[in-house]
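What follows is a single structure, written as structure tokens, with notes after it.
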Amino acid sequence: MNRLSWFNVTSLTLGFAFLYLPMVILIIYSFNESKLVTVWAGFSTRWYGELIQNEAFLDAAWVTIKVAVTSSTLATVLGTMAAYVLVRGGRFLGRTLFSGMIYAPLVMPEVITGLSLLLLFIGIGLDRGVLTIVLAHTTFSMCYVSVVVSSRLMTFDRSLEEAALDLGCSGFDAFRLVTLPIIAPAVISGWLLAFTLSLDDLVIASFTAGPSATTLPIKIFSAVRLGVSPEINALSTIMIGIVTVGVISASLVSKQNSLRQQRDEQAAARTA
Amino acid sequence: MQRLALIAVPYAWLLALFLIPFVIVFKISLSDIALAIPPYTPTLKDGFGPFFSALDFENFAFLASDDLYWRAYVSSLRIALVSTFLTLLVGYPIAYAMARAPEEWRPTLMMLVILPFWTSFLIRVYAWMGILSQEGFLNQFLLWTGVISTPLTILNTNTAVYIGIIYTYVPFMILPIFAALDRLDGSLIEAAEDLGCSRFQAFWLVTIPLSKNGIIAGSFLVFIPALGEFVIPSLLGGSGTLMIGKVLWEEFFNNRDWPVASAVAVILLLILIIPIILFQRNQQRQAEDEA
Amino acid sequence: MTQTVFAPWDDPSKKPLIRFDCVTKRFGDFVAIDDLSLDIFEQEFFALLGPSGCGKTTMMRMLAGFEAPTEGKIELAGQDIAPVPPNKRAVNMMFQSYALFPHLSVYENIAFGLRRGDMPKNDIDDRVGEMLKLTRLEKFARRKPHQISGGQRQRVALARSLAKAPKLLLLDEPLGALDAKLRQATQFELMDIQEKTGTTFVIVTHDQEEAMTVASRVAVMDEGRVIQVATPERIYEAPNSVYVADFIGDVNIIKGTAKPSGSDRYEILHTDGQPPFSAVSETSFSEGQTCHLAIRPEKVSISADRTADADNAVQGKVLDIAYLGNLSTYYVELPGGQVIKAQTANTRRVSRRGFTWEDSVWLSWTATAGVLLAE
């Protein structure tokens, strides 16, 4: 257990090289001077400069962020409600259908989800644009949020809610004052998940976006269909950078918190 | 009252934006293409009686008769199956080594596996375009080392699609297998060796059976999305790469034949229902085992 | 100066604080509480004792309002409490897990219930201070629950549930999470606080020693029914059934048939060819009725020679000896094959071991030492 055999070292090295080398290469080539992506012509930040001046990309990025913030916030509210219903709702009419509708979007091919939503929007005569993308993204990401939140709720000590009721809280107050603050980390990671899902989504957005609203993935997709471009490399590098910094700092914060908690508990045990 | 509202809001949302759209897809798959807006007939404007009598299975008959669709379904299934198997071969040793790594490394290794999840799927697929192309990084590297003398054609072939699927989905394979192996009690292996097994026998007779649930879960998690994949075949695959997600996309956006696109979606869904149900069963059994 | 004994249950003019009136609770097919009636009086320290699954926790949750009886009714101070939701009941509960809110400080935990009413801020502050003082937690007011020890957490939970000055405090295995030493000290603390605040306590426990120590009365439960309700002394010395006798402490049960032999006196025929035992019983038995003689091991004395004036004396062979430090228990096999436990206190530090394995010894006890039980 303590020492890794050569086999394990090899699998870890090769495995992580496989996972990370493509991204490293992408990042390196984003600093390439040459327009020909595959020929190294010296270090340059030229493509970043061009990217910042590319109005179309900036517009798409703005639309994407608007959509992601709105849809992930809506999805977090709806998904948390759904999780609460799933874990605490008891029995009600159509419970099986409800849990089915929560889990089905997780395994549904995106082409089908996208197609079906588009047909709905056309059927009810809703103009395709930012609103329709938000509706579509909220629908599938609320399911992810509800899975994340419900797995936290399942391990939640129910007597905490009962204690709140016992001390005079109404049901809603018990949720607001006790349950929500305690499950907040899960709700936040649900939001982050919904946010990145929305940020990344190409297929569903392509179906539900109209000509008036283009998101960044749609823009990138139509650009890379024509082949590799250094500008896209630069854009990808920025996106990878943001995610990496975000994820690493989030995990450092949570590690710090759990370390502090551990230290406190040990100190408390000593003074007892 | 509160409880009712709590249930009703997400319920109504999902009914309106998940279930009803499917009913519409199903309905349109039974309709005919028309030069109108929307481009199919009948619609409810035609009245109830004519509406139902105008629905038929023509599109499905068309799908069955045109072997393009047949080949697309079969080839999607084949690509999804083969790449699931390859992903298992790549993912298992990584998960195994992670579970054997020193305790204090494991959270970091886990994070390294999860990190790509948070990175744009599109970008991760795109990264391979630069590597696999004729004058891409891989060919340059192989030419430089002298392994090959003329560049290989990898991009726009099925090989590139396999690589893309393995690359983007391998974390889905690693995580459940790692979870199963991490729980595995090391003394079981020692007991097997103590009872006369060789290393390899102990692995084959103890480790593999005990990580079975992880393998099954991981395989479904790769197979199900791979079957309906669109981005990977359209960026890495060639004109010869037939995958149903791509066919559906083209039917819809290029041919604008909504009824046929809907029929393609309905059949894809029917194909997916079996593995989805099997997957659910496996998850449930696993949860029961743990309880 | 005469001290009045606290025994409201013997006073017919007293009205009970809580009355369970033919209460039944079913979960699907499972009967958790089976047609149960019970009175609990004001200022009592009442213990519900029984093995897990006997229904004691269900009774407590019905009092708190988390479960509703399927049949029958529960009254609190003469009022049916069925329509009152948990957050409107003058009943508070101390949870087994303590259920302290991890995101709130000790102070905020104790103030939580007070803030739900319209109590002025100053009064809340005073009341919390009072509770902190009562539970000796003044120094920890600003700490979070994970920053204090298990014993302190237990006191926070107690302070929080007492802060609203409930008519009734429910304690669900309040000491279950503490280690043995701390538990003993805390038992006395609990009794002390109960006396100071004059609150009625109902405690649920599976630990008989705990119930005996703290409670004014104990209800021994099994399978959703109350088997016996009595003071700890009566539960121990005068159990009403083999179940209670066996559940509380160590006991020898000798099965036989009764034969009246004078007023309140019976001979118990237990094994063919062996002399009968004699016992005194308040409840009467008819000739030939099956009965069980229950005798505590410490009431059986062991000696090398026959004790002349004992009501019962039998000879047997030492089978096993359990040395417990303060006590030794001898397992003695009688000629009929029964094994009787006899306990002696080891009052001297270095004493000659009286008996050893295979020794032939005499066991003796008086006619009043045991209890005669029908079932």
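The chains carry the letters A, B and C, assigned in the order they are written, with residues numbered from 1 in each.
The rule we apply is simple: a residue touches a chain if its C-beta (ideal position, glycine included) is under 8 Å from a C-beta of that chain, and two chains touch if they have at least 3 such contacts.
Note that the structure is a prediction, hence the values are computed from the model and not measured.
Which chain has its C-alpha centroid at the greatest distance from the C-alpha centroid of subunit B?
C
Please find which chain has its CA centre nearest to the centre of all protein CA atoms in view.
Of all chains shown, the one whose C-alpha centroid lies nearest the global centroid is A.
Counting in whole Å, what is the centre-to-centre distance of subunit A and subunit C, each centre being its mean C-alpha position?
55
Give, as an integer number of Å, the spacing between the C-alpha centres of subunit B and subunit A.
About 18 Å, centre to centre.
For subunit B and subunit C, what's the span in angstrom between their mean Cα positions?
Their C-alpha centroids are separated by 60 Å.
Which subunit B residues sit where two or more other chains touch them?
In subunit B, no residue touches at least two other chains, as defined above.
Which stretch or stretches of subunit C touch subunit A in the complex?
Within the complex, subunit C contacts subunit A at residues 64-66, 85-88, 91-93, 95-97, 99, 101-103, 112-113, 116-117, 143-144, 146-152, 160-161, 164.
Of all residues in subunit B, which touch subunit A in the complex?
Touch residues, subunit B against subunit A: 2-3, 6-7, 9-11, 13-15, 17-22, 24-25, 28, 38, 90, 93-94, 96-98, 100-102, 107, 109, 111-116, 118-124, 126-131, 133, 135-137, 140, 167, 170-171, 186, 224-225, 227-231, 234-235, 245, 248-249, 252, 258, 261-262, 265, 268-269, 272, 276, 279-280.
Okay, in this complex, where on subunit A does subunit C touch?
Subunit A residues touching subunit C: 157, 159-160, 162-170, 173, 177-178, 181-182, 261, 264-265, 267-269, 271-272.
Touching subunit B in the complex: which residues of subunit A?
For this pair, the touching residues of subunit A are 1-2, 4-5, 7-9, 11-12, 15-16, 18-20, 22-23, 25-26, 29, 37-39, 78-79, 81-82, 84-85, 89, 92, 94, 97-98, 101-105, 107, 109-112, 115-117, 119-120, 122-123, 135-136, 138-139, 142, 146, 171-172, 196, 199-200, 202-203, 207, 217, 220-221, 224-225, 227-228, 232-233, 236, 239-240, 243-244, 246-248, 251, 255.
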